[in-house]
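As structure tokens, here come the structures.
The same subunit A turns up in both complexes below, where it pairs with subunit B and then with subunit C.
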Partner chain A sequence: MSVSAVKERLIAALGSDYVHDSHEMRLVYSYDATPGMQAMPDLVVMPGSTEEVQAIVRICNETKTPIVARGSGTNLSGGTCPVEAGVVLTFQRMNQIVELDEENLTLTVQPGVITQEIIEYVEAKELFYPPDPSSMKISTIGGNISENSGGLRGLKYGVTRDYVLGLTAVLANGEVIKTGGKLAKDVAGYDLTRLLVGSEGTLGIITEAILKLIPLPETKQTVLAIYEDIDKAAQSVSAIIANKIIPTTMEFLDQATIKVVEDYAHVGLPTDAGAVLLIEQDGAPEVVARDMEAITKLCTEMGATSVKRAGSEEEANALRSARRAALSACARLKPTTILEDATVPRSKIAEMVRAINEITAKYQLDICTFGHAGDGNLHPTFLTDARNKAEMHRVEQAFEEIFAKAIELGGTITGEHGVGAMKAPYLEWKIGESGIQVMRAIKTALDPNNILNPGKLFFEKKEVVS
Partner chain B sequence: MSVSAVKERLIAALGSDYVHDSHEMRLVYSYDATPGMQAMPDLVVMPGSTEEVQAIVRICNETKTPIVARGSGTNLSGGTCPVEAGVVLTFQRMNQIVELDEENLTLTVQPGVITQEIIEYVEAKELFYPPDPSSMKISTIGGNISENSGGLRGLKYGVTRDYVLGLTAVLANGEVIKTGGKLAKDVAGYDLTRLLVGSEGTLGIITEAILKLIPLPETKQTVLAIYEDIDKAAQSVSAIIANKIIPTTMEFLDQATIKVVEDYAHVGLPTDAGAVLLIEQDGAPEVVARDMEAITKLCTEMGATSVKRAGSEEEANALRSARRAALSACARLKPTTILEDATVPRSKIAEMVRAINEITAKYQLDICTFGHAGDGNLHPTFLTDARNKAEMHRVEQAFEEIFAKAIELGGTITGEHGVGAMKAPYLEWKIGESGIQVMRAIKTALDPNNILNPGKLFFEKKEVVS
Partner chain C sequence: MTREAVKEKERTAIQKAFQESLDEDELMNCMRCGFCLPACPTYLETKSEAASPRGRIALMKAVYDGKMLPDDDVQAQLDLCLGCRACEPVCPSGVKYGHLLEQARGAVTRNKKQSLKEKAVRRLAFKDLFPNKKRMRQVSGLIRLYQKSGLQKLAEGTGAIKLLPEGMRNMQHILPPVVSARLMKHRPEQLKHVVPHYQVSVSKGQRQYDLQAATVEQEHMASTQASSPVKRVAFFAGCLMDTMFLTTNDATMKLLQMAGCDVVNPQTQACCGALHGHSGELAGARDLAKRNIQAFEDLQVDAIVTNAGGCGAFLVDYDHLLKDEPEWAERAKAFVEKIKDISVVLLESGFLDKVQLSLPSQKVTFQDSCHLRNVMKTSEAPRTLLKAIEGVEYHELKEAGVCCGSAGIYNLLQEEMANQLIDRKMRHVQAIQPQTIVTANPGCLLQMKLGITRAGLEDQMQAVHLADFLLEAAEAGRGS
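Let's turn to the complex of A and B:
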């Protein structure tokens, strides 16, 4: 069916205000935060309800039109780039907090709510939604769920998956499923909730979510530990865990990142240091005080040249914001910033950082490495220029070697950014041929016409005729 | 292919010591802990490695022979009863703790390890594996994973799913997949780890698991709150949560259960009380002391006639063991004990218990109700006699009404025991027709010959020709 016929049917379902095909609108939704990826959709639609999402999906399924559902597009894996054209579905009109249930400690939300809005909304009630991706100021909860976003508090509190209790989703055939509920325990059949979480919009379109909340920790303390080299920082991470302390956050910045961030944020980071750890602990005041004393002692024993406690919440917040701004700070230096999230077992961080530096030197590239040291989730970030084809080719080769090293160390190709289009060629390295077969079988069973975010997760080997 | 031909092929793969078809052996594996279910398998096999499991699965897949993988069979849903005959696969020979990794806080285990062995093993190292199903003294970790077992500590610490980081599993085609790893974050493709957890052996056979450990809480305190009626107990549960306290455990016993348990365990339960709550909190000493003071105050305010703190760990353990023995205690009174696990949002517990009592009176049955009040997971337990057909029919009707009420209150048909064969007819009540379609599609995609634990989860409507 022609695009204009699909458009007419969509207008009949949604009204003409919410179906767009202007060049400007298509351009706006032709890319996401991933560098070097752009593809024009044919149409942009803005449903206002689950029923309207159903209508869109039915039309697309009948006409075999691709649908890319998206939030703010802050994923860094090309997950929401409409690589096979078709319809982009956005959730601006479905951006309501539906219900706070203080008895069951749940929050019901529509997919278009901004993550930070959720966090602030529940904190005002002394409740806590822990997942805090660096993009939380602009990312949507629907995107977070579809990508199973992580964040800085993942070490102690887990990731988005651990806070999704139930979902309403529209399947490729237009049917609605409701999974889970306001339930701490539910084993009625396969865990479709967690199958949808992190499925990157390829198995269903999430239209409502029930989130789990926990009580807000009473207090929080922040320290900055400064090191001459990465090994001592990594040893500190291991020593803290070995002492049975699980901090809320243990963020790592290498020397290059420290310089870039300080130049951007002016928070007093030591630009001559080899590495820093930003460590936070939250909880009851007595426990936080005791843990922080132990953490300070352990960091010093492992060779930190200084361990400074943030003197106020403002100072702590400045440090946290500086860390969250690492990607933006890097992006100032070169036209193109490519950030990855190879992840390794915590015990392998120092080895992984050394390998990243060796690979970077080998390919003569500029890199900043930072990330979540507590959970082994690193963000090696190449500063480059997409117009320099030769350098971009070396970046690609370097990333392949980084992924291979992460796998060799028992890690994964992506800790929190998703596979999307960018990492599809490498998924098999992590999960093997049999894993790919299982995932493809699930995809085909649930979306036989391959309309839901096609071109993602699975790599289509192109036949090369020479 | 004939059973004897399958047997010969299995003997060729495993050796004759590990392939059994004696009447005694088949009888032993013809049932599990579920009352009223028995079916004879043709063969019982005992693999010693993942490779041997692969060999078994390949033979069964080629010959379309059902395989029921099982641990100790403590599920209460008929999940491991070989209802379509075929092969029962047991893990007695795969019962090793493979590796404790103290740096990454993981424990790698084979499926046949007893849950309590894991708990004791890691606690000796001051580490903690929280999931503690009541059956933990005899249940295996493989069974716990396949059923996504809960337990008494689920309110604060979550369930088995939350502690499985990676799995090795044999698929229906004999291929091996390895999911996850020693990784706090991993979003490489669909979450196959959590799809396998709770899939009741219908999607793959788990042959190794990487479990997440956390630091062992420093201290624990236990109180017993005594009430004249269930409403005051339920209000106490709500008040504690509303005060932002999440106890480790909040177990509820109704009057009938109190009497039965006290008669069995002699731990000093007040047999004239309408209900008791067994509440535990663990953590740092200061926090536990403060929480317990607040809990005592709140229970008293809500109308507890007494709130007694266990004076010693022995006394606390006696109370805990008494609670865990509730099912065994009930089983002494009547020939047949049928325990269910309808689960509702925490705020609906009192309403659900009242409904259970009304339904029980309507059908003139004997019932004890106990369970995990903190997470809304109740265990209404009918004391009956399988030989009394009329009464058994009434029990069935009563359970149908209980399930319907749980669903009406936003709950589920099973919080932690699984669907198995027993609850297959009711699964659609929870997840709807579209949910069943999705689950069937996944099952068919991964196990096209339906050899993995057939007859479970999905209800086959029998055509009745009149």
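Let's turn to the complex of A and C:
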């Protein structure tokens, strides 16, 4: 069926205000935050309810039109880029916090709510929603759930998956499925909630979510440990965890990252340091004090030149915000920043950092490395220029080696950014052929026409017809 | 040629101008992280990616790359941008969006066939009116005549006012009373610093900085004896400020004198050129920039003081404006380094130690001037001054850094969005219910007055310029 016929049907379902096909609108929904990824959709639709999402999906399924669900477009793996054209479905009209249930400690939300809005809303009631991806000021909860986003607090509190109790989703056939509920326990059949979380919009379109909340920790302390070289910082991370301390946050920045971040944020980071660790602990005051004392001692023993405590919550917040800006700040040096989030077991973090530096030197590249050291999740970010084809090729080669190394160390190709289109060729490296078969079987069962975010997760070798 | 063909030709010409004048590196520097989205007023209102800085840069880049023509939608989106530049301080990559916007608007302006009406308005505003002080005085004089002769009352009373379009109708209602042409014409050129002639009472109960009182007194003694000024500064008067808002300019100079500054007000200075620049009239802006650099460069001053964020932000960008003219680039740089807002210069000169500020007890809030905050990077100084006034209970306004919708002449051209933004602003104001909203730029001041009128709050609150408010506080403080 032609695009204009699909458009007419969508207009009949949603009204003409919420179906767009202007060149302008198609262009601004042709990208996300992934470097070098851009593909034009045919249409942009803005549903206002689960029922409207159903109507859209039915039309698309009948006409075999691809649908890409999109929040704020902060995705870093090309997950929200409409690589096979079709319809981009946005959630700016479905952006309400539906219900706070203080008896069950749950929050029911629509997918278009901004993550930070959720965090601020519940914290005002002394409750806590821990997942805090760096893009939380912009990202939507629907996007976080679909990507199973991590964040700075993942070390102690886990990731988005650990805070999703139930979902309402529209399947490819237009049917609505409700999974889980306001339940602490629920083993009725397969855990479809967990299947949908992190499925990158390929199995269903999430239209409502029940989130788990926990009590807001009483206090929090923040320190900045400064090192002359990267190795000692990485060793400190392993030492802290080996000593059975799980800090809320343990973020790592290498010298190149410290410099760009300080250039942007002016928060007083030591630009001559080889690396810093931003470490936070929260909880009861006596526990926090005890842990921080032990952490400070361990860092010093491991060779930190100083361990400074943030004097106020404002100062701590400035440090956290500065860390969250790290990736974008890298673009101050060179226009194209290509980052990955290979993840290794925590004990291997020092080895991984060394390998990254060796690979970088081998391919003569500029790199900024930062990330969630406590999670074994680093973001090596190559600084390059998309216009320099030769260098772009070396970047690709370097990343392949980094992926290989991560897997060799028992790690994964992506810790929190998702496979999307960018890492689809490498998924098999991690999960093997049998893993791919299982995933494909699930995909085919739920979306036989392959209309939900096609071109993601699975790598299709294009046949060359000469 | 058909109409469509003419349009097509025009769009191709605009695209070519994009390719010639847009900074490719700057376009590439946007890595599309989206950190700018929550800072953009038009995105906050529309939630549309197209109305965000990231979206607008993507559109500019698509035109630049030849992927799309600058069609009506693209042009409308460039027009909808307020140019408030709130996206710049929040951009970790340091993309200079304001420059890209100006380049893109310039490319459109130079190649778009303007309607006769638009041509006439542009000619009037950019060639005949703003660059010409005499004409500015004449127009202001007409407004004064309108206000003084009873015509305004008559127009409002008889309903004849309704014949004007809404934007103009609102404007005429909120314009400040204009002073006489004689006063506008005879401006002071040199002003000496003054010594505050009141004694600071150490025992005064409510004084916030009792600890400093002794030093204040010592300094007062010292300054009575010393005849040299703390600073020698030049005053950038501005075209609108020096006519329509002349009393605010007088207040600004008085405050500088009280802070111990000698003030020079060179009469050869011109309009800053911001209105030209923001509307894509870059050649006109460059001429004015050169006139101003010449007017100020030999004065041997420590600072050039502005009291309008909109002007200041354009003045600090002269080095960028003239970067391609080698004989001017260095001179522009020297000029730019001296530009400072009145609030910053007052604090640097020790104003708070010299002058006691006091007003009847009231709740006060501050609406940032976007360009003062985002381009001149001045946001704390005005707040510090306000908080130092005895009797002022300062409340921070939610989204104080979000544009009020004034944005130069935006509120006349994009009335719908401007009204949405001022109404949003007034909802936050209502949450505080201040007696006074302080601003730091004439456009913001008028827009806040408009907001108060639209919300029907004229009886409950006023909007004032920081300089007028501080002078009132200084004079009241002197009397106490």
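Rule of thumb we're sticking to: the second predicted complex is superposed on the first by the 463 of 466 C-alpha atoms of A that agree within 3 Å, B and C clash if a C-alpha of one lies under 4 Å from a C-alpha of the other, contacts with A are read in each partner's own complex, and residues count from 1 in each chain.
The working rule: contacts are C-beta pairs under 8 Å (C-beta built on N, C-alpha and C of every residue); 3 or more make two chains touch, one makes a residue touch a chain.
Everything quoted here is computed from the prediction, not taken from an experiment.
When the two structures are aligned on the shared chain, A:137 is found in touch with subunit C, with no touch to subunit B. In the superposition on chain A, no contact is made by A:12 with either subunit B or subunit C.
Once the two complexes are overlaid on the shared chain, A:74 sits against subunit C while remaining clear of subunit B.
Of the two partner chains placed by superposition, only subunit B is touched by A:416; subunit C is not. In the superposition on chain A, contact of A:361 is made with neither subunit B nor subunit C.
In the superposed model, A:244 makes contact with subunit B only, not with subunit C. Set against each other, subunit B and subunit C differ in how many residues of subunit A they touch, and the higher count belongs to B.
Of the two partner chains, neither subunit B nor subunit C is touched by A:1. Comparing which residues of subunit A touch subunit B with which touch subunit C, the overlap is empty.
Taken in their complex, subunit A has these residues touching subunit C: 22-25, 27-35, 72-74, 90, 92, 95, 114, 135, 137-138, 261, 263-265, 325-332, 335-337, 385-387. By the touch criterion given at the top, residues 101-105, 126-127, 147-148, 150, 154-155, 158-159, 161-162, 171, 175-179, 181-192, 194-195, 197-199, 203, 214-216, 238, 241-242, 244-246, 283-284, 286-287, 290, 343-347, 372, 374-377, 410-419, 423, 427, 430-432, 434-439, 441-442, 444-446, 457 of subunit B touch subunit A in their complex. Those residues of subunit C that touch subunit A in the shared complex are 25, 28-35, 37-38, 47-50, 52, 55, 58-59, 62, 67-68, 71, 73-74, 77, 91-94.
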